[in-house]
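Listed next: structures, encoded as structure tokens.
In the two assemblies presented below, chain A is common to both, partnered first by chain B and then by chain C.
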Partner chain A sequence: MHYYLGVDIGSVSSNFVLMDQYGIIREKVYLRTLGNPVKAIKEGFAQIKSRQGEQLDIQGVGTTGSGRHLADVLLGADVVKNEITAHAVAASALFPGVRTIIEIGGQDSKIIILKNGIVQDFAMNTVCAAGTGSFLDQQAARLSIAIEDFGDYAVRSRQGIRIAGRCGVFAESDMIHKQQMGYPAEDIIMGLCEALVRNYLNNVAKGKKIEEPIVFQGGVAANAGIKKAFEKVLNSQVQVPEPYEVMGAIGAAMLAQEEREQSQAPGNYRGDDFIMEGEFKSSSHECKGCPNLCEVVCIKRNQEILAYWGDRCKKWENSINRQDKLQVI
Partner chain B sequence: MKQVGIPHGLFYYYYYPLWKTFFTDLGANVISSSTSNRLTLDQGIKLAVDETCLPIKIYFGHVQELCQQHLDYIFIPRLVSVEPKSYICPKFMGIPDMIRAAFDNLPLLIDITIDVSKSDRSLKRDIMRVGSLFTKDNSRIKQAYTHACQENRFCHLLAREGYTLAEAISLWEGQQVQNPASGDLNIGVLGHGYSLYDSYISLNLIERLRKMGCNVFLPESLDTGCIEQQAATVPKRVFWTLGRKMVGSALYMDKRPDIDGIIYLACFGCGPDSLIGEIIDNKVKNKSFMMLTIDEHSGEGGLVTRLEAFCDMLRRRRMRGEGNLPAYG
Partner chain C sequence: MKVTFPHMGNAHIPIKTLLKGLQLEVIPPPPISKRTMELGVKYSPEFACLPLKVNMGNFIEAIEAGADTIVMAGGWGPCRFGYYAQVERDILENLNYDFRMVILEAPDSRLSELLKQVKSLGENVSLWEAWKAIRFAWYKLNAVETLEKQFEYYLPRAIDKDEIERIFDEGLENIDRTDRREEVNDYTNMCLKKMHEQPCHNQPILRIGLVGEIYTILEPATNYDVARYMGRLNAEVTRSIYMSEWVNDHLLGGWIKKSRHAEIINCASPYLNYWVGGHGRETVGYTVDFARKQYDGVVQIGPLTCMPEIVAQSVLEKVSKREKIPCMTMYFDEHSGQTGIYTRLEAFIDMLQRKSYLQSSVSQEKPIIAGI
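What follows is the complex of A and B.
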């Protein structure tokens, strides 16, 4: 039996999926990134290893999410893909014929429109991250409710209170105002869910035709209140896949399999020891080469430099790629 | 020899060859500020009014850089209109005043008003007035202006061949510019030249697309007759010079069979973009269209994700068309 590893390093969560050669998901791990993606990648990999217990024959690795390049450096990926493609691939494998994917993560929200299993159109939130998972996180912390219970509170409500949804800052002040007037927490939370859905439909999904079947995925899909609000506003059924929180990682694993089965070249996976045994460190310095003063990040394993990035001119980044390619050959 | 400074921003990209030739022919030495960098941005944000758009803030940074050199004059034209019955964004009208209000160490300002919306009589008079700062010989001023217009036309001819205006200016100044390698996707890229061709503002959008295997098609490379013809199909005539060019280019590209997709780069807070972007989004029917909004972000992750997803979408759709993609893609 051989396996494909899918890794999705997001702003808030880091997800790992181990898929076998028949496309069955054997393991899934969902971790909080907690601002330290390097640690999260190590931890996630260690969990998968310890649960499987045997020597894994990993044939290919796919990475996605905003930390996909970091994961690539640590693991050696065959496919490094953006989140849109990864999510679309996973959703259309689990729900053949899906027309609309709503994905809300920690910092991003997206809508993907598919036709015959192919992405036709997509949109992501613009400069502002209002209405995404991290905002819900913040509000849950402010109300001292665990984020996992947030959705249950919302569905208990019978009548959502109207909360201003245009901007996260407005929403917060409106919520505080309603709370001080004595409205119950359940109704305020349901109101927040409805406000977020309104905001999503007006901003991200603006002008897009939302057709059934609709799939709702990403970390925020855990929140039953948001699902309920979507169903109410769209007046249609919204499906949440069982592995809703690791769909990006599943897509990455599938893309890795697709890539490996088409390619004759050996895989890029660096091996278990590379990630497990190594001591990874990152440091940054300001490059004084030009007035841009880029903050260049350097990733090291033990004493060996693995990668640089953050420089606009790619002077640092390319300096390492050349060596890296030599090593692979 | 008199020193004239020209800030490297806004309509620099459209008219620098004209301005430089004019002043040089009159015996002045022209100094332009360096290309935009982090220092330009930092200083611009500090000095400019908060509500303006990013390109204007950057322009303030360029003026600040020029103020530190020993200049006799700084050239900041008051651009109202550069062609009959059409206008430039109203913010440009106030630039000389905003600059005067924000700086106290300015050299003498040449703030000639350029308004040919009704006739070019006042422009001709103003050109003679500006010229008289350098010479008493009227025929020399006229000659310099005619020559300057010729040089500018030459530079735009270079842009017709597919070079960006920034590259065309470099070529015009005798520098080497690498010919872009040809790719497998043809992408039309639209946006105000001062954000699109300033690689710091656009986060190097065009170069990135070329590296991803795209042939970039710009409005300047299209036939102006076709652009105007298409722009005229919109019910109400767009009276912004650049806006009309964008609408016409987008509609023309929409009908060209060789173009795969269209990307529109908008600046956050740009008034005309908020309308033009929507019009294009509504009118483009045959091609995939993506609007990117940028502000002072230096994290390029979001932009890269969207670009990769866009290219992936186009490529996977094409692969599916050729029938060699697994069923779940």
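What follows is the complex of A and C.
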């Protein structure tokens, strides 16, 4: 049996998916990145290994998310792709004919419009992260409700309270005001969900025509209150895939499979021992080559230098990867 | 008198030549670096747009390097830029720097006036020498642009992108250094030949139009070099603004070469019929023009809070639908999160590549008229 590994290293969560050659998801792991992506990658891989309990024949690796280049260095990826493409690929495989993808993650929110399985248009939040998972997390913590139960609270509400959705700071002060007036927590939370949906539709999805079928994915899709609010505002049905939180990783795994099946060259996967046995360290130094004073990051495994990045002139970056890069092309 | 001026992409090469030709000692500001940005941001009003902040950084660093006279462009109209020279002078005076500022106002279509302004800048230069200086600067500008355009062509096609970049940068340096016309020719041709000899791949090439505000387009330090980034993803980028065209249209009144300006303004109609300042109308016009030339997509860039580009952006949505060209807008300000910018660009290019791949496989079944 051949397997493909999909890895999505996001700002808040790190997700791993093990897919077999028939496209069936064998394992999925959802971890908090907790500010340490190297550790999260090791941990996620270890979990998959221990659950499978056998020697895995990994044929290809795909990485996505804002930490995709780091994951590439640690694992050896065949495909390093942006989140938009990864999410679109996964959603159109699970829901053929999907027209709109709503994706809300930890720091990013995006809308993707598809036609015949091809991305036609997309948008990502630009300036403000008010409507994303981090903000919900923060509010749940403030109300001392577990984030997993946040959505259930909202769904229990019969009437959402009007909360300002323009900005996270305004939303929070509005919520505190409403809470001091004595409104029940359920109604306030539902009000917050509706505010976030309004914020999303006005900022991210502005001007885009949202057509059914609509798929809602990303970590925030766990929140039933947000789903309900979307259905209410859009007046249409919103579907949440079962593996909603790892859709990016699934897309990455599928892209890796596509790439490996087309390519004759050997895969880039560096092997189980490389990630499991090695001691990974990152360090940074200020390059004094020019007034830019770039902060150059160096990723090391034991004593071997794997990659440099962060330099504008690519002097450091190219000192390691140049030959590899030419061979890939 | 030691003269300096603000950076704007490769414009420093012809500007330096012009000022040297006027028998002035030139001290160009050091290349834009993190320090330039830090200085600029520290001493500029927070709500001013990025060009003002970078200018400020340039001036302070140039004065530190010994410059005592600043040459800056003026302007007029709804774009705030027209007032920047005055604001910058005020700020620098408040910081107790000792300098003189010369503001060149765009004469708009009166060549004699430009000549007079340029001559008055120089010390004891005749009108003839001033004219010669302008001519040589113009010559260098065109050489620089020839290289830029060829670079835009070869970067997406070359296999070794680093080498192409190195050849291009080296060519610019050579042109910058020389004071002789024949050598400008030699260096240009040598650089073109080297680029031409680089091995190319035969993967499909996307064509992207880059439109927006002039400073953000011309100065790679303010836009995270989006043009090179897209080039490295096998997309050929054509800019809406090239320095020579701007000089020709606005300073020389379309006197030297044939201008497409009127045509572009016509393209903007009926979407945007009013001059909204800056390059707002040109942004719309060029987007229509790129769409009609079958480009794959358009990327609009500008500094955050740029009013003319905001107006254009809201119009582009309609243009995008009617002319059937995907558009994406990006605003830049002082921040270092490159990943977000590159993720969006990569996703945009990915989308266009998949689209064009689909279209090409459709057109293979039904061949359309060849030779477009």
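Basically, the second predicted complex is superposed on the first by the 322 of 329 C-alpha atoms of A that agree within 3 Å, B and C clash if a C-alpha of one lies under 4 Å from a C-alpha of the other, contacts with A are read in each partner's own complex, and residues count from 1 in each chain.
The criterion applied here is as follows: contacts are C-beta pairs under 8 Å (C-beta built on N, C-alpha and C of every residue); 3 or more make two chains touch, one makes a residue touch a chain.
Fair warning: this is a prediction, and the values are worked out from it, not measured in the lab.
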Fit or clash between chain C and chain B when superposed on chain A: clash
Which of chain B and chain C A:E259 touches, first, second, both or neither: neither
Touched partner set for A:D8, first chain B, second chain C, both or neither: neither
Partner chain(s) touched by A:E103 [first = chain B, second = chain C, both, neither]: neither
Contacts of A:N318 with chain B and chain C, given as first, second, both or neither: second
Which of chain B and chain C A:D78 touches, first, second, both or neither: neither
First, second, both or neither for A:S92, with chain B first and chain C second: first
Chain B versus chain C as contact partner of A:P291, first or second or both or neither: both
Residues of chain A at both interfaces, chain B in one complex, chain C in the other: 66, 81-85, 118-122, 124, 126, 207, 290-294
Chain C to chain A touching residues, read off their complex: 30-31, 33-36, 159-160, 162, 201, 317, 326, 331, 339-340, 343-344, 346-348, 350-351, 354-355, 358
Touching residues on chain A, where the partner in the complex is chain C: 66, 81-85, 118-122, 124, 126, 207, 290-294, 314, 318, 322, 326, 329
Residue ranges of chain A touching chain B (in the complex, touch as defined): 66, 81-85, 89, 92-93, 96, 116-122, 124, 126-127, 207, 254, 258, 290-294, 312
Partner chain A, residues of chain B touching it in the complex: 34, 37-40, 200, 204, 268, 281-282, 288, 293-295, 297, 301-302, 304-306, 308-309, 312-313, 316-317, 320, 326-329
